[in-house]
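Structures given as structure tokens follow.
Paired with chain B in one complex and with chain C in the other, chain A is shared by the two complexes that follow.
Coming up: the complex of A and B.
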């Protein structure tokens, strides 16, 4: 944090809220993209492989926007926000970190549908953010999100048409729904995120809007959605830094090359700063 | 099922064949074509067509005829006539030359 900014108490509050908001956004996108890439060369067809890879690339791009903003706002390096950050400091929802189920394309589709619907809602709640740099980035991100939802819903409709597809989707809903609820769990400084107008909706309101969309849609495709009040929630919530063991394995894997190469600073592709 | 994909770069351009995608139906074909053949390229419009709906005429059928003398189609008789005897013809030829020159310049 720069010296001239950390002087008054209210400025500190603003900055802490901004930092917390940005980590929620960035970590979700990065970790989910990282999971998606496990499907490369394994997706059901070449076309579906390319489509999911594209979605993953978009999510990496969005993660980059938010991590860059963290670096600009707080004088962090890329290593600080990503490569050398403690895994227990990551704030993504546990939905993003779960490994895919063994027979998993239904898992990919349901996960993407649940996530991308939540993502649209939370981005829309940032369009009028009190922070202009957040507002600027939201436009860019929203432009790419339509395809993600269309992709997920198109697959969902088609898989739901057959008995086998329906079974796989149902298994994915049963498995993922409890973790998806952590998308709307609060993390650090949540009250200030809303009080300072960084986000114009509370997490409770976003969750309600999400239920109003995903529950009727899934039920409309013949799937049973657990009653949110009766869901047995896992201990790990992600947003507060508690994670599943799978996350720690995953973190070790994606930081392995960074540590192995031991560069002075992470390399960037030519022109990537542009 | 295979869907042939045609991309138009700018309004007014022809849609050019750029490849195909495998997809079970039109909706998925459009989604896949968008990723593989539209985004990251200059794209004004994309046509996605079921391969079965594309009719082909092969070289054998396309190249018929040309076996009889049809040189009369090539009206060469009036080439290289000195048109100076008729002012309106000379003017018209000048105009045509000028127009041809401008077209060439415009094409770069």
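Coming up: the complex of A and C.
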């Protein structure tokens, strides 16, 4: 093996790991934001409607920031990373894609709490990433995430105060916990993501930290959390490209307008290229 | 910034949908500022905000043009808002580095387009490129004194 060959192999390995890491981040944020928007005009109060819309807007912003980086690093277009990407190539956790349970405000709150706690942990594990372009974005994103957890926790407390609210939360925990575990499932190039220092924690360590936070918190609100070892995991894990049927329906819905409009280039609002 | 975005995720003294702002944004800014931007205090990193002070030649002309670009919904220039992180012109090619107050800023494309066009208007610039940067993360202390005056005049408490 020549030296050049070795260098190029190692470059490829770094690039593949970066790409895999960015898709995990971006897809989670985008798909969950897309689900949250279904609550617009349906949330229990006007304030909660606006609050959840803002959370969705944040997550879209973060998705865009990671998709931007994919475009910068790999010369992809926005269509490549999103609109024309095969649904089976998306790497988000199945927690993000599940439809909400009927009448499921408790589902929104539990999902947001489980997700945003995981989100904080994994962003913190990127603060010292070996990749400067990843590192540079983390502080901004982390700073915008605090509110999401405050929102979820304040609603957890509020719902947990009544029997009915508690039942809804418990139903949501029972429903969502098995899929939430897929947040920490490995996908392509996971070993290289850690070996190259892109992320400074392993998924196992992140999952342990997440258990240490979410289990006592939920139990502290009178909820029963399944023993992770006894959870019957769904077949679809998301991270490996396996998804629920609901994801494929959702993908068809959110790409429908793109295909109808038949864009051949992005719209520009102003400027000499308009 | 976008004044007409939905109300912010959190402004003070809300109920469960808006936990009290731990950093004490004043209530007088409610409903008037960009709903997405946090006006919490922070510290401006060294060398920020960048104002173009000390620039010369074509780069000074680019800064002058950038001072003419206002936030889409507030009468304050993008330079005074602290959004411009760097300007460099090499052989007629201008590179402007900028940030956003909020990563999901709905006015992003508009701001980038306006800044791109402003750079092109500077004498000596043949081509312009606008890159987004997220570090250091913007906070309100990166608004210049002139910018703060403009925002106060507009009715914001900063």
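We take it that the second predicted complex is superposed on the first by the 259 of 274 C-alpha atoms of A that agree within 3 Å, B and C clash if a C-alpha of one lies under 4 Å from a C-alpha of the other, contacts with A are read in each partner's own complex, and residues count from 1 in each chain.
Simple rule for what comes next: contacts are C-beta pairs under 8 Å (C-beta built on N, C-alpha and C of every residue); 3 or more make two chains touch, one makes a residue touch a chain.
These numbers come from a predicted model, not from an experiment.
Colleague: Applying the touch criterion given at the start, work out whether A:61 contacts chain B, chain C, both or neither, answering first, second, both or neither.
Modeller: A:61: touches chain C, not chain B.
Colleague: Mind working out whether A:227 is in touch with chain B, chain C, both or neither, as first, second, both or neither?
Modeller: The answer is neither, since A:227 touches no partner chain.
Colleague: With the two complexes superposed on chain A, say which partner A:50 touches: chain B (first), chain C (second), both, or neither.
Modeller: both
Colleague: Please work out whether A:9 is in contact with chain B alone, chain C alone, both, or neither, and reply first, second, both or neither.
Modeller: A:9: touches no partner chain.
Colleague: With both complexes overlaid on chain A, does A:245 touch chain B (first), chain C (second), both or neither?
Modeller: In the superposed model, A:245 contacts neither chain B nor chain C.
Colleague: With both structures placed on chain A, which of the two partners, chain B or chain C, ends up touching more residues of chain A?
Modeller: With both complexes superposed on chain A, more residues of chain A are touched by C.
Colleague: Classify the contacts of A:158 with the two partner chains as first (chain B alone), second (chain C alone), both, or neither.
Modeller: In the superposition, A:158 contacts both chain B and chain C.
Colleague: Check the residue A:150 against both partner chains and state whether it touches chain B (first), chain C (second), both, or neither.
Modeller: Both: A:150 reaches chain B and chain C.
Colleague: One more residue to check, A:102. First (chain B), second (chain C), both or neither?
Modeller: Neither chain B nor chain C is touched by A:102.
Colleague: Based on the A-chain superposition described above, do chain B and chain C contact any of the same residues on chain A, and if so which?
Modeller: 45, 47-48, 50-51, 54, 147, 150-151, 154, 158
Colleague: Which positions of chain A touch chain B when the two form their complex?
Modeller: Within the complex, chain A contacts chain B at residues 45-48, 50-51, 54, 147, 150-151, 154, 158.
Colleague: Could you pull out which chain C residues touch chain A in their complex?
Modeller: Result: residues 5-10, 14-19, 35-36, 38, 102-106, 109-110, 113-114, 116-117, 120, 132-138 of chain C touch chain A.
Colleague: In their complex, what parts of chain B are in touch with chain A?
Modeller: Touch residues, chain B against chain A: 21-25, 27-28, 31-32, 34-36, 39.
Colleague: Within the complex, which stretch of chain A touches chain C?
Modeller: Residues in contact with chain C: 45, 47-48, 50-51, 53-55, 57-62, 64-65, 68, 135-137, 139-141, 143-144, 147, 150-151, 154-155, 157-158, 268-272.
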